[in-house]
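Look at the two complexes coming up: subunit A is in both, with subunit B in one and subunit C in the other.
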Partner chain A sequence: MSDTHAETVSFVRDTMLPSAPPPATQAGAVHWLRENLFAGPINTVLTIIGALIIWFLFSHYWDWFAHSVWNANSLSECRQIILETWGEGARGACFAVIRERWNQYVFGFYPPELYWRPTMAAGLLIVALVPVLFSSSLTIRRAVLAITAVVTLACMVALGSPAIWLGFTAVVMAGAIFASERNLSWLLPFSMLYPLMMIWFLWGGSAWGPIFILAGPVLGWVAWRLLAGRAPMIAVLAGILVTLLFWLFLSGPAAEDAQRLLPMGIEAVRSDRFGGFLLSVTIGVAGIAMSLPLGIVLALSRQSDMFLIKSLSVVFIEFIRGVPLITLLFVASLLLNYFLPPGTNFDIILRVIIMVTIFAAAYMAEVIRGGLAALPRGQYEAADALGLDYWKAQRLIILPQALKISIPGIVSTFIGMFKDTTLVTFVGLYDPLKSMSDAVRASIEWKGIYWEPYIFVGAIFFIICFAMSRYSMYLERRLQRDHK
Partner chain B sequence: MSEAINRQVDHSHMQVSDQVAIDIRKMNKWYGTFHVLRDIDLTVYQGERIVIAGPSGSGKSTLIRCINRLEEHQAGHISVDGVELTSDIKNIDKVRSEVGMVFQHFNLFPHLTVLENCTLAPIWVRKTPKREAEATAMHFLEKVKIPDQAHKYPGQLSGGQQQRVAIARSLCMQPKIMLFDEPTSALDPEMIKEVLDTMIQLAEEGMTMICVTHEMGFAQAVANRVIFMDQGQIVEQNTPTEFFNNPKSERTKLFLSQILGH
Partner chain C sequence: MKKSVFLGTVAAATMIAGMGMAQEGSTLSQVKERGELNCGVNTGLVGFAAPDANGNWAGFDVALCRAVAAAVLGDASKVKFVPTTGQTRFTAVSSGEVDVLARNSTWTYSRDTDLKLDFVGVNYYDGQGFMVNKELGVTSAKELDGATICIQTGTTTELNLADYFRANQMDYTPVNIDSNAEGEQQYMAGACDAYTTDASGLAATRAAFANPENHIILPEIISKEPLGPAVRHGDNNWGDIVRWTLNALIAAEEYGVTSRNIEELVRSSENPEVQRLLGTTDDLGAMMGLDAEWAKRAILANGNYGEIFAANIGEQTPIGLARGLNAQWTQGGLLYASPFR
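This part shows the complex of A and B:
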């Protein structure tokens, strides 16, 4: 008796068990179906209801899509084709409007002979973004750059671009591919300069304008440099002040004088010629590019120990968040005209971009504050204990982690902001969804067309927003550091 | 008693000089109205190995966190290596770059590799060239016996390995004084030993160390002074032998019977 007992209690393992595969019911398609669609009575009922709803929608709208016409010059012609092909009483979509009004949707009222310019600007924008977005994967970079180069150049040729700009684009593309293979950081100066170049490509005019705008920060840097040794805080303020003053009072007249002495430029395009997706993307890209840094500054200010900075930031964020975007847009379009000195020509698109930016930045600041709050105190303490000063700790330790945590929120804000660009319709700009579709409907040919433009514009917005969302998920995976 | 210390400690390089490393006089600190530290007087000489013990909430961690100004004291004086700690940011930065600190929860930077964790402060604070900083970092990673993990991220290491990286990270700044804030409290028993070994090795090389720890075996083997704190005050300080065998105050006796009794 005692022997058996000793045998059952005392035990030493001499071989470790190998890991075994899971049982067959735990894997495969059947397992997936049981787990996800028919896991229990409620789940099964919901699956059946869901399937019925899908069938209902499909059976009601399929013929409309199936009978769609892509090639017609007016709505009546469209209806005629449907009648002839599918018989009396058949319905069908008339997507021919997209084909016929494609240029209007994409470029708005931009001069047709200059369509190549926004096209070039968009292609080079992708090149400028490559070092920022795809720094870690050569494969993705190759694909993105190759496709961009081919598509951009092909479109520019088709749109009748002058040879010199075709050559310029080709050189930049080739340089970008070379830099991407060798050393991606060679592309960064181009990325930094590109915002200014893009503005010039889109609006055109004298080349001296952007050159003198660029001179502002250079002068500011000189001012900072001169004072940095003595008083670092004052030097930073002086740098900013010099830049702003130069921009406000000197750069305009200086550019005009330079233009008179040495004319250099491309044909100017006024802001009221912008419309459609060109307008949305311009406002969206500018807003995204500027709202992130502004949001970071606001979030850090809100966490600051300095009372004045903290209160200013809180007031700004809460005020902007508490007001509808449309209100800000009305302020941009109407009120600013009253407050600015008479005769000031403050571009409407620029005003809208500023409003959209500060609106998105206020949300961004709160998203980033969430990321900052999620960091354990230990990270701040470790940075302090190593002797890193505030700015270095923020830049090297805190922000990289806080921004990573905030990626989903940041991209949500970007997506929301990009969709909100359609609201510019209320200040008389031609957004693709409302104003542009109304403009299309106002023509005799397309009077009475309703769903098709909305579906088209919605689809384009969906593609862009979905791409942003997928990119954010890719970025999150790439920055994951927990497991091998 | 901890069995983590199972080797002979070499005392030949552990020499206490008569140069003052840290001087704390009549230091007081409050959290709001709560008086955390009361009239702390403590002088630490170069080469000393001090263990601070005491019940939780007694102010041990707060005391050493005042030494590199992670916590601000409201009255009294602290000077570290001759630099008085005031709200002057220059002095604080100077002290912090001379004093290394190891935390209970390691506080490694999870977004940087082990090597980047170690080279970050030398490069950005000391302005050491990158190559040189990396060589130093590898030297200290070898010393804590994990050079092969240099290119992994902290999240891929065990707790004991992370804590050793944290020690190496502090050492890369070539500090004169090392502060340890319960460095083994968050570790599994099997990993405590490897961290204590590293700390003993450091003590054997003559580093000035202040350790808040519950590892009494470590205190007996390495410390030249044990400080016992309760309710924000230093209740007793003595050599380890005297402290453990012949405690003076009733509070110390009670504490020792609690932690050594089980």
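This part shows the complex of A and C:
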């Protein structure tokens, strides 16, 4: 065959042509620019307008940022430094206020010798979250735990933590790293216990309080266990009742007696010492941790066939969603005082956390209901066909899918709630954005400073919220099961 | 059976509530039992009340709280400062969250009557003024016709401003602001020609400017703002304690009793008025359920009225307020403590 070819065709190329570079307009920066910025008349106009806006902002404010002063003890000192360095008429930012009041922004009025306690609580919080947030990736887990351990311990040493707590933290961190390498589920009991530990680390006081609070569910479990064989429904009710009664009537006096017999505790810190990001993060974390389960329960109740449960949850959700958060906060801080017997000491931060939680939970319930509604009916029927009871069907089939669908909405609610924590300023708590900044401005050294605290606090909020949003995107990618 | 249980519960709840009411009776015994005075203060106002970087409160209003705590509890540090906002301050008093409100609040008719508060005195006579840039060439508030004015919303100053301009048949454009810090910012940015608020606030604001000499505070004071401590309606003895603590501080200045010479005066003063004030003769404290030395402790806490003024907002401080109306009546001011007798 090839011979015939050789005779009929005068030339046959036996090597490939070297590939030529693409035309200049189809590759590299030019291509990217054409594709993204100048893809048509409208696009080009928008690009030019955008560039002009950026230039406008830059040309108006760059000198203010460029002349920033980071080392000064008062606004007038800042102005003096700017005048000396940049001459008459120059202006500049005075970020020295952040440097000087850093502790106040981070810890509020927490006693300085105890700064290590919130630091430790934050470090251990990450440890407690790791098995929940990063259960599937050993690499990420390893990095997160290692960085947390190093940073927490270093900060605690710098803040003068006592050796015993340093040792405690080191042991927990080492244990966490070990568990994360071997079997992550070993860490789950720590995650379950941690909320109580965190409360104790932050507020301090007698160790017996948390211990007896913990004893409540244990007693409830015992009651359930004793009755479970005979009447399961009554056993559940009895368990809950025993727990609640123990908490209401026995745990307080018992903790006091135990404290008298065997004093054991750390220095107590009152709620009015909380402020700044410590306050925001405390309220935010507590609200996030409690509003998700509460929201799930509400969403399921709203879909329930039982009339009473359904109507109660509808009323709750619609009422809470129909009322602004500030109203709820005012109710928590002012109205409750009229109803409670005088002299009752119902902690203001606790009240605010409760209100923020139920507010977020109402939104959460609707987000999750959206996820439940988005599931094809076949999934519910399949669960029934398998013979699963209601709880098993929810736990194994419905909720995992519904929650996955709802992730963007859930995280949006979290982010919104975290930002809403700044509203506590209206009930006299020191949130970082307004109250704390106003308190800083009320000192004669920093009176007249305006933008710098806002920029700083805004930047920190952005970092935290952006991290949450990136995490939710990571989670969505990880949980993606279809359309591969 | 079920009904009787229900009724029993109701009865028990009513009884408990009734006992609660009975306990509420005496603020003094509550404070003593608590070992701490709950004092409502501003969340932060230069010179009047502000926490420092460590959360220690200081200021002109704060000093009054400390004096009351010293008089009642014998320890000026036994105060829990409850920061209150403009919205929460009066509810905090009437709901019992605070025992005293010392938060530069103007004593007005409706607050005293309708809001069920008792203003027990005046610790600072303020008044609303204007600040303008010198370049404007204005020397009197009467020349502000047609000006744009930065004004904090929801305060008495807003109403005063409207009254003043209507009375003088002038026009103005309000620029509404939310806080003092925002007002300063707007004023400096040129969003308004004049900034109006209480004269003490204007002085503090001006002191913090980069070039205070470029701004003047106009001579007109267009309103009366008597700022004073307030307590709940209904517990007159507690009101007396706060009122006479304030009076003791004012009287101490009048009689020349300072925190420095007080120990000496206790021993050697021949003035019967001073002797009664300091509890060396006549046990005045017993009449309101305190001991004889209550006033002495109150004065020792931060000094007399003059010392408190000088330390927090006086001419030696950056705020630099003159005594003006807040001088003793013997010096041409309005401070006039009722006699201790």
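Observations on the structure shown:
Note that in this section the second predicted complex is superposed on the first by the 449 of 484 C-alpha atoms of A that agree within 3 Å, B and C clash if a C-alpha of one lies under 4 Å from a C-alpha of the other, contacts with A are read in each partner's own complex, and residues count from 1 in each chain.
We take it that a residue touches a chain if its C-beta (ideal position, glycine included) is under 8 Å from a C-beta of that chain, and two chains touch if they have at least 3 such contacts.
These numbers come from a predicted model, not from an experiment.
Applying the stated contact rule after C-alpha superposition, one finds that A:404 touches subunit B and leaves subunit C untouched. In the superposition on chain A, A:428 makes contact with subunit C only, while subunit B stays out of contact range. Of the two partner chains placed around the shared chain by superposition, subunit B is the only one that A:378 touches, whereas subunit C remains out of contact.
In the superposition on chain A, A:145 makes contact with neither subunit B nor subunit C.
By the touch criterion defined above, A:392 reaches subunit B but does not reach subunit C.
Legend: residue contacts after superposition of the two complexes on their common chain; A:93 is shown touching neither subunit B nor subunit C.
Once chain A of one complex is fitted onto chain A of the other, the partner contacts of A:358 are absent, as it touches neither subunit B nor subunit C.
By the document's definition of touching, of the two partners only subunit B reaches A:481; subunit C does not. Those residues of subunit B whose C-beta lies close enough to touch subunit A in the complex are 68-70, 89, 93, 96-97, 99-101, 103, 105-111, 120-121, 124-125, 153-156, 169-170, 173. Residues of subunit A that touch subunit C in their complex: 75, 79, 100-101, 103-104, 108-109, 112, 272-273, 275, 330, 333-334, 337-338, 341-343, 425-430, 435, 437-444, 447-448, 450.
Here subunit A touches subunit B in the complex through residues 376, 378-379, 381-382, 384-389, 392, 396-397, 400-401, 404, 479, 481-484, going by the rule given at the top.
Here subunit C touches subunit A in the complex through residues 16-17, 20, 23-24, 30, 34, 42-47, 49-55, 80-85, 87-88, 91-92, 95-97, 179-182, 184-185, 204-205, 207-210, 317-319, going by the rule given at the top.
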